[in-house]
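Next come two complexes, and both contain chain A; in the first it sits with chain B, in the second with chain C.
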Partner chain A sequence: MEIKKMAMAGTLESSDIQIMLSAGTNGYEFELESDVAKQFGDQIKATITSVLQAYAIDNAKISVVDKGALDLVIKARAVTAVQRALEIVDTPNWEVL
Partner chain B sequence: MFTKGQAVSLTDILTNKEVRSFRQAQLQAQYPDKIICAVKLNIPGEIKTNTAIKNVFVDGWNNILQTLDALDYHIEQVAQYLALPTGPEGFIVVDGQLAAVKKVMITLETTLPLGRIFDIDVMTQVNTTQLSRQALGLPPRQCLVCNQDAKICAKAQTHSYQEVLAAIDRLYQAHFKAPRWNQVNAVNFAQKGLLYEVSLNPKPGLVDPASTGAHQDMDVFTFIDSTLALQTYFNEAYIAGFNFVGDDLTALFNQLRQSGIKAEHAMFAATKGVNTHKGAIFSLGILLGATGYCYQHNLTTFAHLQATIKLMLVTLLATDFEDLATKQTLTAGEQQFLKYQVTGIRGEAATGYPTIFALALPKLRATTGTLTQRLLDTLMYIAGHTRDSNLIKRAGDINILAEMQTWSEQYFALGGSKADAGISFLHHLDTEFKQRNLSLGGSADLLILTIYTGLLEATI
Partner chain C sequence: MENKVKRNIPDEILTQYDYKPFTTTEIEGMPVQRELPAFKATTGANKLVDSLTDLVKSTVKDGMTISFHHHFREGDYVFNKVMRIIIDNGLKDLTLAPSSLTNVMNDIVVEAIEKGVVTNITSSGMRGSLGDAVSHGALANPVIFRSHGNRARAIETGAIKIDVAFLGVPNADAMGNANGMDGDSAFGSLGYALMDAQYAQTVVLITDTLKPYPNTPASIKQTQVDYVVEVDAVGDPEKIGSGATRFTKDPKELKIAEMVNNVITHSPYFKDGFSFQTGTGGAALAVTRFLRQSMLDNQIKASFALGGITKPTVDLLEEGLVERLMDVQDFDKGAAASMHKNRNQQEIDASWYADAANKGAMVDKLDVVILSALEIDTKFNVNVMSGSDGVIRGAIGGHQDAATAKLTIISAPLVRGRIATVVPDVTTVVTPGESIDVLITEVGIAINPLRQDLMAALSDIPGVPVFTIEELQQMAEKKVGTPKPLEFTDRVVALIEYRDGTIMDVIREVKD
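This part shows the complex of A and B:
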């Protein structure tokens, strides 16, 4: 499956992660920024990769700013980003919430 | 602090973060040249709000606003969201320099009583990524449990959820649960009670730094030695109450009595066999145990303290006085019970120390002047209104009480501690007490307990 549009999920708050997905042509191309990249960079990428694979996405550019998110948060944000990118869900309009 | 409340899901929390981020962006657009501070709490677990948590937030929020005001920052706008299921939060829009405001907030995160669970993000329109501690050359936030880099501990989940909650709960209790009732303060107040009492002068018949009164075997140093020897016991007594589990509080008293016996040995060892504080050991042990118990159960009022003491001592009079007729050696209190049916300090304790809470402490609150003046008036008031078993014992005659009452009235008629005549009268009484070998040991004990309770409620 291919990414239809650029999509984002998450915030830049501590304990959160912001994941931006856009169309790619060359497998998964990661760009990762994290205070704990040294210790947990590979683990963060692996978690996001498993979500992309679950949605059968073959190519994507993934830009990640991690603020120390836990694994379950990374997973949830990745799922939301994918669903928004694939237009499975509408990007929420916070103005009306 | 965290057991009551509505649980929220991860989705709720993550959605809330995105909503907050959106509100932030709106404020940034509205105030492009101002600083936006996003204030929220880091509460682990699925319960993010309840009354206690809101109290913590409002307390810190008010502190932040006061601090900004004191530093002459102009506050453009505030927006508080106190009732969110995901926890209280709010925004403060400030006119100032980004780095300077961030430093103020970092200081608050470090110095507020519960600052360590506050998370204050600081940002501007031009600098949408929040300024980090590292960017300012400051150390990262410390973990609540182990003081290492908090991000590493959080990410690696080094500590169990229970450990983190317990750490926050300790901070909460230290700040919000009547801090004067905590162990360090309560033990300190007990020792102050003993030291203030012995330092007070002139006292009729009692030991003070200027006179040994009607006592030949002790002086002020004996009392200092004794006070220091009792520190371990005071801590034990407080902890016994704090850690007590069960419904039968008489078990707590029995535990205190065992500690009390050891404390008497420690006292006699320190004073080379002189009884300085036997009465105080009994009563301060009870009060400290009850204070620890009440603090632990968040019942930090005198009504609860008295009720706890009564429950601890519900069987005291029956058990202590039942076998007196056949007992070999009797204490002064026991002898007087047989002779005059005066229940003494036991009766006083078993009824929750009404002499302190209904008589002496109200008197202390009403006194004015220097601490010496206030405590002298309180002592003379106690002596004139109670049955001092030490005085009865030394006089060998219960009619001494009527005489003591007259002396007390005379003292206050002369103007009490603030009048030269009142102080002269105390010196005169001291001489008379020495001649007749009288003392006011019971009243002195009650003064010690009154000082303790007065310190607990910050009357002195």
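This part shows the complex of A and C:
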């Protein structure tokens, strides 16, 4: 699937995460900002990557500002960002959810 | 070698600093030799000095140990004034030995480190840009972190030999009689500074309010003081203590506070004449409120409250629920102001408060204490010094000292954001698990297996579920995931002493 437009989900409140997706050409290009990057940076990327893969997105620029979100929050925000980026908010992919 | 809390202390540290590894919290019968400084006697004719700059130049030499207190907290002007003169005069290789370092001191200490002015530091703690710089290896030698009681011990025994103490006071007369409770920048108890006044070779008082002689009540006495300097302002009254103490509305903190109160009132120590110490922070202040109601309901009065004093504790004194406040520092304006009118609010020095190397400290008579933690591990060891990223951002304060109480409670949330508070192994051991009796989180409590007696007393309290600490650790990990281990270099940037001067742990340089 191709990203149709730049899309964002999430806030900068503590325990939330803000994920911005835009079209890319070179696989997944992450930009991650997080106070817990040392301990959880890889896991945050892995969680978002698994969502992108579930939607069969091959290329994306992913800009992430994490405020200590738990895994389920990261997944929820990633799903929302993807659905907005693919313009399928009205017809969500229930199998991924 | 590995010490009692299984921390690996490099042999060269043990040799270089002549450290014994930590073995036990029991210190009964520890031999002590005190060391007093030599000085020239004076009748005090020339104590009052016009120029702080000239005085700093004439008293401070390369390689000396200088000290400050942190009673002005974030409103301190004195530290920056003196350090600016020291840096501008190109002094080198100084040891900084303040009672603690607050954020307002960070920038100038970092500058002094970068310029080689300061090469050694001993403190209760540090945070922010300074903690970050030290954790990245900025300082030539490891910082030595000591608790408030241990600093008193180190000063008395000569492990810290203070050449010049620069002590800011909100009032003083020309001979050096001073207290902490009068004047625009009043902060209350001078507890930590009283050690410096007693043991430093040269004592300089810096004040913005000269009083007629003799100035009483005198906490620091003219017999101890070499020089008095008047400056425009010693502190910013707005930033010295927090204003009105607010009662937390955070449901998690309230739940923890309610459980803490339940644990205290169901413990065998909750009886007439008991004693307690609480810290600051939302949960601790809320505990004071809950405890007040429990004391009223059960017609129980406390003999004393100890340590850092807050307005809610003063309220208990004024209500007759607490007989004495034993006050080493005051955290808010209400507590500082009440020293005047309440003769049962007794100012105590750091040695009287918490020192293991005297003939009995207040903490030795303490029944119940509520302490906080950045991390606590399955051995009940507590870290209040290094953050989840391994960077120094805390202070021992009185943690190790007060933890010798009969009932030591750690109150902490299970997780903070994505960081677990209850972990398999703390990053840095500050207070050993054998001191800790009960951990209280918002989901329930864990009792140290060393305290089988408490198991019976605390096992059937309604609304207070009991878990093993391993269960709490697993609950936390399930919530946040398993963090990747932190990476450090081999270089040691800080040493954590126990209150008896043995070595508890080391902090290594972080790898980024």
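The rule is simple: the second predicted complex is superposed on the first by the 89 of 97 C-alpha atoms of A that agree within 3 Å, B and C clash if a C-alpha of one lies under 4 Å from a C-alpha of the other, contacts with A are read in each partner's own complex, and residues count from 1 in each chain.
Please note the rule applied: contacts are C-beta pairs under 8 Å (C-beta built on N, C-alpha and C of every residue); 3 or more make two chains touch, one makes a residue touch a chain.
Only a predicted model underlies this, so the values are computations on that prediction, with no experimental measurement involved.
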(message) According to the stated criteria, A:G68 is in contact with first (chain B), second (chain C), both, or neither; which is it?
(response) both
(request) Determine, under the contact definition given at the top, whether A:N26 touches first (chain B), second (chain C), both, or neither. (result) neither
(message) Which partner chains sit in contact with A:L12 here, chain B, chain C, both or neither? Use first/second/both/neither.
(response) first
(message) Under the stated touch criterion, which partner chain does A:D42 make contact with: chain B (first), chain C (second), both, or neither?
(response) second
(message) Between chain B and chain C, whom does A:R77 touch in the aligned arrangement: first, second, both, or neither?
(response) first
(request) Touching chain B in one complex and chain C in the other: list those residues of chain A. (result) 14-15, 35-36, 39-40, 68, 70
(request) Quick one: which bits of chain C touch chain A in the complex? Just the residue numbers, please. (result) 388-390, 416-419, 479-481, 483-484, 486-487
(request) Enumerate the contact residues on chain A facing chain B in the complex. (result) 9-16, 35-36, 39-40, 68, 70, 72-73, 76-77, 80, 92, 94-95, 97
(request) Could you pull out which chain A residues touch chain C in their complex? (result) 14-15, 35-36, 38-43, 67-71
(message) Touching residues of chain B toward chain A in the complex: what are they?
(response) 10-11, 14-15, 17-23, 38, 42, 119, 121, 128-130, 132, 134, 151-152, 154-157
